[in-house]
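In the two complexes that follow, chain A is the common piece, with chain B as its partner first and chain C second.
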Partner chain A sequence: MIEQIFVNGVLASLIYVIMALGFTLIFGIMRIVNFAHGEFYMIGAVIVLFFFGTLGWPFFIAVAAGGMVSAILGVVVERVLFRPLVGDELSGMIMSLAVGIILQSVVLIAIGPAEQSAARPFTGTWHLFGAVVPWDRTVVALCALATLAVFYLFLKFSRLGLAMQAVAQDPQTASLMGIESGVVYAAAFGIAGLLAGLAGGLMAPIYTVGPYMGELPMLKAFVVVILGGLGSIPGAVMGGLLIGLSESVLTTFLDSTAALIASFVIVLLVVVTRPTGLMGKSVR
Partner chain B sequence: MVHKNILRSIAVGLALSMGLIAVTSAQTLKIGVIAPLTGGGAPWGMAAAEGTKIAAAEINAKGGLEVGGKKYRIEVVPYDDQYKAADALAGYTRLVKQDGVKYMVTLTALAGMALKQNLEDDKVVALTAAFSTKMFDPNTKYLFRIYSIPADYLPSLVSWMKANRKERRIYLVNPNDETGWDHDQVSDKAFKSDGFEVLGRELYERTQKDFQPMFTKIIATKPDIIDLGSAPPATAGLMARQVRELGYKGVIVKTGAAAPKEVIAAAGKEAAEGMIGVLGVDPVNAGYQRIAAEYKKSVGQEPNEMILPIYDSIQVLVRAIQKAGDVNNTAKVAAAFAQALPMKSVQGEELALGGKKTIGVNQQIMTVAYVGVIKNGESVTVGKIK
Partner chain C sequence: MKPVHVFLVVAALALLPWGLQSEYVFHIVTMIAIMVPMALSMNLMLKIGQLSLAQPAFMGIGAYGSVLLTMRLGVPPVLALCLGAVFSALTAVIVGPVFLRIKGVYFVLLTYAFGQIVNLVFQEWTSLFGGNGGLYGIPKFSIFGLRLAAVQQYYVFGLLFTAFTYAAMRAIERSDIGALFQSLNENEMLSRSIGSNALAWRIAAFTFSAFIAGISGAIYAFYLGFLSPDAFGFRLSVDLIVINAIGGATSVLGPLLGSILVVPLPEVLRDARQYQLLIYGLCLMIFLIFMRKGLVSLIQHHLRTA
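Our next item is the complex of A and B:
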């Protein structure tokens, strides 16, 4: 049973990490808490439901399409709605809540309220040291790891990635150095949308798809990011693993309510003892 | 010639006007609906709103509801409570104070518990689908439940399982809310009373989708039946799939409302195979199919099974209004339920007034349920329980 608990926890953690990365990226660069992040996840899932489930496109093409649609949506909302609110955390939060509700309502009108099931591209299970590992979750885990690696390399070695880090550290100095902050903001929202859309697309066949499916992943991403530190990528990874594994242990030995309470107790303790999170930087 | 044409035109105009006056002089009887029309509860809520509208449209198409020598056109006024008590209260206040509604559907336990006392104080006749036994007490006069609840049919289902299956070790799983707690207690009592061994009882959060940690624990206790209780159908399907992936080979039963199509869609044919469920409807029944077709025409999707007891309960309500002979005297209408029932449901089964045994008052429309088993991606009716 211990092996199963560990596998369950790691598989859950990886999706939390991908969700948290985009969320923390936007905050790190624009100081905006994007509560619509869960809806970008949902849009990715809906795109896969339609293209893969209904039209029969190849699964990974549909997932890529879901990511791209969420990315484009991210760029559009950033330019039109969030750009004027950079640095204004409260207004950014309120705007993101409004965007989230609008997206939920649009999808509700489009597909109805009922949770829908997408066809499953991968079925069956394999065994890892006595633990049962479903193939569909294995694929998600591998994609999540690949995404994490690409994202890390992008941030560390690409011009845009380095520019994003510079703007996150000090936007004024970055601007003096010739970095166009508008491009960076749009890229941040686009990449965050892409990450959330990919996560949603990958998870679409594993769970059910509905207009409100983004609420819980959004909450998990929020918890992970608070734990790891707003704006910290390594913090998001650490927070994701901590939450995923603790939930798995507590749900198995106690129940899911205890796991939920524990996640927030952990967040509470971290906020009280280390307000910037386990690996976060102090607010400028 | 010209005079004849003018006279003819005047005659036609007068006849049309008389018709118009007759239609507009038919009074309006409003039936409110407070239900989750958006959010997770929307499949039930939409079924409640549309089921009421379908029943009303049929009555209006026949010229309206005749009560005490007058004709009434039925108007349905729905409000979305988003499965929240505060919104249910706001919807109720608008219906009663602004819209002048005296009859309504208050679908969920959240709405019902929030409005219980208001309904009695304002003498508003209401129909509820809430499972909770706490909805009723000896003083309840105006609230009626639209169908039999697990406390009514579970003993019968358990007897069916004892007679038709050899498995006896059961683990109960339910959502962590009012409906789930109630179902958990009723199931635990029903199974234990008939010789089943209840290995454990798990309550999960409604928003949860990852059940692997929970089922890892459950499978370790070696059950041969897992009861998914009052899980929403799509969630039940997810659970069935995830528990099968973990290697569970025993029976899966859903002792709350089954909605097999949604379960199969979420679980997949293989994981759903052999799943036992309680059906409120017989899917091949012509009466049900007629209502379902009307819903699909209006909404563009298949309805949740809730549509059937809602439709039947509206028929019971209007019959009670007719028996009372006065649309404004809701006390008389509430008392007239005892005269309106028994009557036939749209499926041809008998609806009766009951509830004294389980809720202490005869404020429930007793319905017949069916046992369905999923075979090869389809639900097959294998028994009847009440």
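Our next item is the complex of A and C:
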């Protein structure tokens, strides 16, 4: 029982972490709360539904395509729509609402409101310490871990990754050091789109695909990021694990709505008592 | 063009439904009359520099509160309407001192979470609120023995309330209080240094906006005779933001114009909901890029040059 709850929690939290990382990255660098983040997840899933489900491409290639499309979309909307609003938190937030609405309606027009499901590329289960683990969730978890590892290495060792961290910490000093903020903004949106698109693509065969499917993961990312601290990357990882595990416990003993209410109450308490989150830095 | 001309146009528009004599048109204008005060309550919060996503929750508290008082306890509708709005205002007074210490993005996130919790309670507490299936059998509103049954009567009721809210908000805008709100928004440090109690004024604005939203909710509930939690969800916040962005948030005229333009959209595009969303999103985007001060800036420009 306890093993099962733990395994379920970890499996769920990996996707939360990936969603939360992109969300927190955009906020940390551009101070924009991206309400359209869930729509990038949805786009990734729709691409997989089309390439894998309809055209029969290999699953992993379809997932990669989903990630790429989301990433390109992210770069484009950043350059055209968000760049003029940098520094204006409120307008940036409202713009992200507009982007979210437009992406939802475009997909609604393209595939209709019905929830569709893609064929499952992996079936069956295996056992881990007495807990039943479905293979498809295992594959998702492994891909998620690989993505996280690549993201970590990128941020720690690549020039662009270091530049992104520098801008997040202190945009003025970073620009004095010759870091082009425009490139960093585009990279932030591109990477956030890539991560969300990959997450959506991986989850497409597990849940149903539809225009509104991004709302729940967005909500989760949002809760995770507030808990961990807006803009904090270690916070997103910790928050993701915390929310995934506590949700798994609450869903087992109560129900999923109780878990959702509980997570919002946690958000309220965290913002009120410690607005910068558990791992956030103090307001600059 | 003088300001009085703008009001003549709005007044003529308000009387237009009687010329058309169509129930459907009356329904749409009634919805506008309910939404204008909501948009104004959002506008008041924007005036103090806070984007509040809690307004739909306050509307919901007013709606469910007044209706349940009438249905379960037999409270007369007029009293129930006032009590429902008082519940909303009380909620704002209770959470306000905590919420309003927080500014910017965190306030938005906080009110978002608060709105979600209130909405989930409406959804989950089915024995009291009827849950997602909705709350049916709401009696019609009656005042001093006059029972409001026809849509025209609700329209007049809504119109009176809209006029009251508009006058109140405009009075606030033009008074010293309006100037004070503006100073808090633009330079809080300076404003506090000359002795304004920033938090107290913010709580006052928040409470008044919740009160207005509560009455709107109650009128909405008695008019439709049916309530479901999704009417008070995040979508309504988005609508209110769209109305303020298109109309313009700098003046109370903005939300009025915005409501007249935006509220009929879902009704006009009833058969093509997907295009409605698309138009919504595109309008919001275009106004954010090209006309940050909304339609009202065009009219103000006209008034000045005339």
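We adopt the following convention: the second predicted complex is superposed on the first by the 284 of 284 C-alpha atoms of A that agree within 3 Å, B and C clash if a C-alpha of one lies under 4 Å from a C-alpha of the other, contacts with A are read in each partner's own complex, and residues count from 1 in each chain.
FYI, a residue touches a chain if its C-beta (ideal position, glycine included) is under 8 Å from a C-beta of that chain, and two chains touch if they have at least 3 such contacts.
Just so it is clear, the structure is predicted and the values come from calculations on it, not from any experiment.
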{"item": "Fit or clash between chain C and chain B when superposed on chain A", "value": "clash"}
{"item": "Which of chain B and chain C A:L153 touches, first, second, both or neither", "value": "neither"}
{"item": "First, second, both or neither for A:Q4, with chain B first and chain C second", "value": "first"}
{"item": "Which of chain B and chain C A:L260 touches, first, second, both or neither", "value": "both"}
{"item": "Partner chain in contact with A:Y207 - chain B first, chain C second, else both or neither", "value": "first"}
{"item": "First, second, both or neither for A:L108, with chain B first and chain C second", "value": "both"}
{"item": "Chain B versus chain C as contact partner of A:L216, first or second or both or neither", "value": "first"}
{"item": "First, second, both or neither for A:L145, with chain B first and chain C second", "value": "neither"}
{"item": "Chain B and chain C contact sites that coincide on chain A, given as residue numbers", "value": "105, 108, 113, 257, 260"}
{"item": "Contacting residues of chain C [partner chain A, same complex]", "value": "51, 98-99, 102, 104-106, 108-110, 112-114, 116-117, 120-121, 123-124, 238, 241, 245, 273-278, 280-282, 284-285, 288-289, 292"}
{"item": "Chain A contact footprint on chain B (complex, rising order)", "value": "37-40, 42-43, 45-46, 176, 202-205, 207-210, 212-214, 216-217, 220, 232, 234-235, 237-238, 245-247, 262, 265-266, 268, 299-301, 304"}
{"item": "Of chain A, residues touching chain B in the complex", "value": "1, 4-5, 8-9, 11-12, 105, 108, 112-117, 120, 123, 125, 132, 134, 207-208, 210, 212-213, 215-216, 247-248, 251-253, 255-257, 259-260"}
{"item": "Sites on chain A touched by chain C in the complex", "value": "27, 31, 33, 81, 84-85, 89-91, 93-95, 97-102, 104-106, 108-109, 113, 219, 222, 226, 230, 257-258, 260-261, 264-265, 267-268, 271-272, 275"}
